[in-house]
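Shared between the two complexes below is chain A, which pairs with chain B and chain C, respectively.
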Partner chain A sequence: MTTPLPSQPRAASPRAGRGLQAGRTRVALLLLVPMLLVLAAVAGYPLLRTIYLSFTEYNILTDPAPKWIGLGNYWFTTEDGVGLGVLQIPEWWQSVWNTVKFTVGSVLLETVLGLAFALMINSKIRGRGLLRTAILVPWAIPTVVSAQMWNWMYNDSFGIISDWGQRLGFLEAGQSFLSNPDTALAALIAVDVWKTTPFMALLLLAGLQTIPSDMYEAADVDGASKWTQFWRLTLPLLTPALLVALIFRTLDALRVFDMPYIVKGNAPETITMSIYARQELILNSQFGFGSAISVLIFLIIMVFTAIYVTSLRVKFD
Partner chain B sequence: MNSKNPVVRTVTLVFFWLVVAVVLFYVLFPFYWAIKTSLTSSARLSAEALQWFPGAPSFQNFRDVFTGAPFGRNLLNSVVVATGTVVLSLLLSVLAAYALGKFRFRGKTILMYLILAVSVFPQIAVLSGLYTMIKTFGLYNSWGGLILSYMIFTLPFTVWTLTAFVREIPTELEEAAYVDGASPLQTLFRVLLPVMTPALVTTGLLAFINAWNEFLFALTFTTDASAATVPPAIANFTGASQYESPFGLTMAASVIVTIPLIILVLVFQRNIVSGLTAGAVKG
Partner chain C sequence: MKRVLASLSLTLACAAVSQSEAVTLTFACDSVGQGYNECKKGADAWAKQTGNTVRLIQVPKETDQRLALYQQQLGARSADVDVYMIDVVWPGLIGQHLLDLKKYIPAADINRHFPAIVQNNTINGKLVGMPFFTDAGVLYYRTDLLKKYGYSAPPKTWNELATMAQKIQAGERKTNPRFVGFVFQGKNYEGLTCDALEWIASFGGGTIVDSSGKVTINNPKAVQALQAIQGLVGTVAPQAVTTYGEEEARNVWQAGNAAFMRNWPYAYAAGQQEGSAVRGKIGVAALPAGPGGKPAATLGGWQLAVNAYSKNPKEAASLVQYLTGVQEQKRRAVEASYNPTIASLYKDKDVLKAVPFFGSLYDVFTNAVARPATVTGSKYNQVSDAFSTAVYNVLTKKSAPGPAMKTLEAQLNRIKGRGW
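Let's look at the complex of A and B:
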């Protein structure tokens, strides 16, 4: 959620005096140097290092130095025909598939629910101020905390949700939605939806508030029903805000690590791409192989970002 | 809702309040449940886990949380790391935002693209590179290592938001300072900074929340329980003995770190909403 939202910068004031601008490039560069140095140290260098390591075999605990093996971490078949590259390993594809399901499920539900919340808060019903304040609560709760809260509610024997599920006949005694591999991912999506819908609602609410109210008055005069007004007026005008929110949430969901990791650890039915990468890097000390997974995740995210920047025609200046 | 029929009006009204009540329940219940659990002592937890109200509210868990694990130390680590992150990233980004918002030079657009690109970097993509770097410089298990690594997600955000704000400040202010013979740094700190206070509060607060909540780096770059920040500590909570369910303690710890955050968010809710949505709607 730290991702800056695009499109706010506008052209600098044309009134800026020419005399003031002369010879200022050097000053500007000096002002930028500290920030650029830090970014190079924490983003640029580590990224290059990760890419380099992905072409090497390097167990950080036993190997003295990385050994260059080219594309071996990505694709390598032994003489016996066993595929050892990331792209040949079912566990990687399992994590990709889990992440895709998690992303599609959570982003769709968050959008629909967030839109409903936003419409409620934007309507003239009483208590909308209360609603707006209340939906900030899940957003304010740290992800780790919300993961543990839901973990407790999902607990097999003492969890309130398991109790409801067992009473309603969805679960057998002593079972929970988390312990069942078929429902575990859906249970995690529910946690993410609870936590992130408020963020979606706030973004969409800001979009709704830019729609001038006289448009609705005109529609009323023309006799359009509220339903027609929503589909013909609200939704088309909300599309830009909706797209931005959707894409930012998608990027967040594709990177997800903390909540599924805290609730389910490295369990195969819920392992995400990021969890798989960390498992190979840190738990198995495979810095070469793990870096290859990291690079793949990076490429996926960058492709998405490129599509987004071009399709929305983000302008900077 | 504009119907003149009083029955229809009443039904609609009741329906709407029902929906509001359902939404409020959905949004608030999990946190209520955490508070309720935290007030149930571990001895009574298995018997009272499913009761809607604590049978005998006790603060035992809140006391125990500070005796078993180094939770007080974790809190201190979180405060120092989050504060340090905010101070460092605001300082760096105020300088950068002045350059990006008020100066014209070639390559600015590319720079803005680059900053946007860094802001979508998946943290996992730099994990192995950062890990070896942090080991090499001896920053493992230290505040400095975490503060430095957190720059990757706070800095692009603060630079971007502050740049947008600086751009909106009238150039006359700067020109007046220039005429009076002020250097660029004097102009920035004496003239522009006071005007920027609201933007600094909003971006600082959001950066603080993100640093406070960060999990992956904190988990990976600390191994000592006493060097960890709050998120990995809460994720790894175990009971005082292996036979004790840790959930009462975990919920107490969760409530302790969440209450200040909720108060902060509610107090600054207008700033936060505007900070989150800045520019998102102009499309």
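Let's look at the complex of A and C:
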């Protein structure tokens, strides 16, 4: 909509102006109502319902209705001293720890590599268009497909990666990077880096293109080296774009489910928070307990977002 | 617009009319090995006979994932799928969403099947599934390799298996670096529960939870069994066996890269197919026993059940009756080595000719060890999940068998709470 606003007549009295303003506000609110209703229905209701269910005991297969148990799903110790709450269960903390390791590892590598790629395709080299398209291929493949593809590449008996590993002496026969519990998480991070670096590169490329080229010309005239230009010019000016990209990726990585699940199932050394939630919620059909886990994931992600937004002073506008 | 609506309602009306004559059933069957094709053959035969149509849908390969999907559909009272193939451990979990088949299938047809399985499928007096095929874990061995390395019979104990596998693996590795001694299902899922129950039961270590509901897993024999199996991983079994399900194990075996394999009977027919590297070299025996114990095989097997919310219960029950009948079970046994659930078929000449071990291992199939599904009821999944995770940690050497079983005991008691 590019209709120009009708200019207010100068002679209008302040009161009439306020009335007009109020009318506009009312219309704007009215126009927003359908959107707000939709948001409340698709985002608000499920969220509130999950929070409510997290305070109940509810096995969908056996219980006719949710039963209120307060904070019992989060913290509950029986008379025999057995902890039943999710915060007392080691498997939950293992999944949190796995997810954090996965997030830090993958986001860090993706940022560094993504920045390198972005700088490369931003420079004036031949075949730049083709390169930009080609780099997006891993990102364009559906995760299910690429995860299964990597699963096969990692396979100990016919996978190419295991073959290389075995030839180079990193692996013995019958071993793969996935089967060794000490390297499994790193192997999954590698898949995520392969898949998501292009996305990072794209976001950073957009940021790079907003930096005016005359600044570099001025720097050249002043005799600044390329290295100095990168640290003193490119990086500071890229910071806003970099931070938005970091938030995007961090939140995504904290919720990761599909790729690790397809490759490793619910193996304890790679189980993520979302896989753990699914296992309790869907497979064990404990809706109350599973909802408590979902709420905790929600809170953890919120904390990460709050840290980013406040400590780094990101401006979204 | 009106005209469109009118013609639309007319088509719908026609569809409704034609539906009362011939119906379309949706069938969630199998996907492991030749499962899909064999289900299709049977369902098509019934469809041809009755003039109805059966739409077979693709289902996940692993049983846990199937259960997760079906639980959601049934929990939402969806009528989308009419007939489900359900695992032997599911009746207690999803039974209340399934139709009582006694009302549709004559008692004579029901009583033909193994009573233990019919009993297993009866929940609160409701027969929620008709036995489709039974399963028990068996040991596959390479007849040619046993001969080559001077063995006349398959191993009787786990120790023997380790020694034989070691010798064969060492010899074969000289020409085939990919060769391994023994493969099984070591991934953290329901399949590992089945395998580990066999090891523990064959050492005399019980069945995780006994029939009275007491958690029995933390005992010296169970620990001993896990110690023995932990010792196999990384020596005669590849370390990557902890990423194998049924199909991954079968792929290694069928490519001719393993001396022994633990799997279900379906792998026999699959391995005898054209193009298989082990065709004609497959021997099948009872699984080995522990010291002082006797061989144990986990009871598997699948049932056919009708969705209680199905719009065509009569036709669905008729399909189930056909597929679980003598004629179809015989066809499936001969063509794809699925174990019948009807005793007389184990004496049938054609069946025994196609799958000789059905005769020699009859006792294994009828005395298989059941997973503690009945006693743990709706909590079975949590029990199985805790058990397989604990065993998985032992196989990956993240924990020692003794402490692992102690932690597991506490965890199972936690799941048990005030009662199963």
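To be clear about the criterion, the second predicted complex is superposed on the first by the 266 of 317 C-alpha atoms of A that agree within 3 Å, B and C clash if a C-alpha of one lies under 4 Å from a C-alpha of the other, contacts with A are read in each partner's own complex, and residues count from 1 in each chain.
To be clear about the criterion, a residue touches a chain if its C-beta (ideal position, glycine included) is under 8 Å from a C-beta of that chain, and two chains touch if they have at least 3 such contacts.
No experiment lies behind these values; they were computed from the predicted model shown.
Once the two complexes are overlaid on the shared chain, A:Ser179 sits against chain C while remaining clear of chain B. In the superposition on chain A, A:Gly265 makes contact with chain C only, not with chain B.
When the two complexes are overlaid on their common chain A, residue A:Gln94 makes contact with neither chain B nor chain C. Once the two complexes are laid over each other on the shared chain, residue contacts for A:Leu84 go to chain C alone; chain B is not touched.
Taking chain A as the reference, the larger set of touched residues comes from B, when chain B and chain C are compared. In the superposed model, A:Gln229 lies in contact with neither chain B nor chain C. Contacts of A:Asn59 after superposition: chain C is touched, whereas chain B is not reached. Legend: residue contacts after superposition of the two complexes on their common chain; A:Thr250 is shown touching neither chain B nor chain C. Residue contacts after overlaying the shared chain place A:Ile282 against chain B and chain C alike.
In the three-chain superposition model, chain A touches both chain B and chain C at residues 60, 155, 158, 278, 282. Interface residues of chain C, counted against chain A in their complex, comprise 64, 67-68, 71-72, 75, 93-94, 96, 173, 177-180, 187-189, 234, 237-243, 248, 251-252, 255, 257, 378, 381-382, 385, 389, 392-393, 396-398, 410, 413-414, 417.
Interface residues of chain B facing chain A in the complex, by the touch rule stated above, are 16-17, 19-20, 23-24, 26-28, 30-31, 33-34, 37, 45-46, 49-50, 92-93, 95-96, 98-106, 108-109, 111-113, 115-133, 148-149, 151-157, 159-161, 163-164, 167-168, 170-172, 174-175, 178, 184, 206-207, 209-210, 212-213, 215-216, 220, 230-232, 234-235, 237, 245, 247, 250-251, 254, 257-258, 261-262, 264-266, 269, 272-273, 276-283. Chain A contributes residues 1-10, 12-13, 15-17, 20-21, 24-25, 27-29, 31-32, 34-36, 38-39, 41-43, 45-50, 53, 60, 117, 120, 125, 127, 130-150, 152-153, 155, 158-160, 163, 194, 198-199, 202-203, 205-207, 209-210, 240-241, 243-245, 251, 254-255, 257-258, 261-262, 273-274, 277-278, 281-282, 287, 290-291, 294-295, 297-298, 301-302, 305, 309, 312, 314, 316-317 to its touches with chain B in the complex. Looking at the complex, you find that chain A touches chain C at residues 59-62, 78, 82-84, 91, 155-158, 162, 166, 172-176, 178-181, 264-269, 278-279, 282-286.
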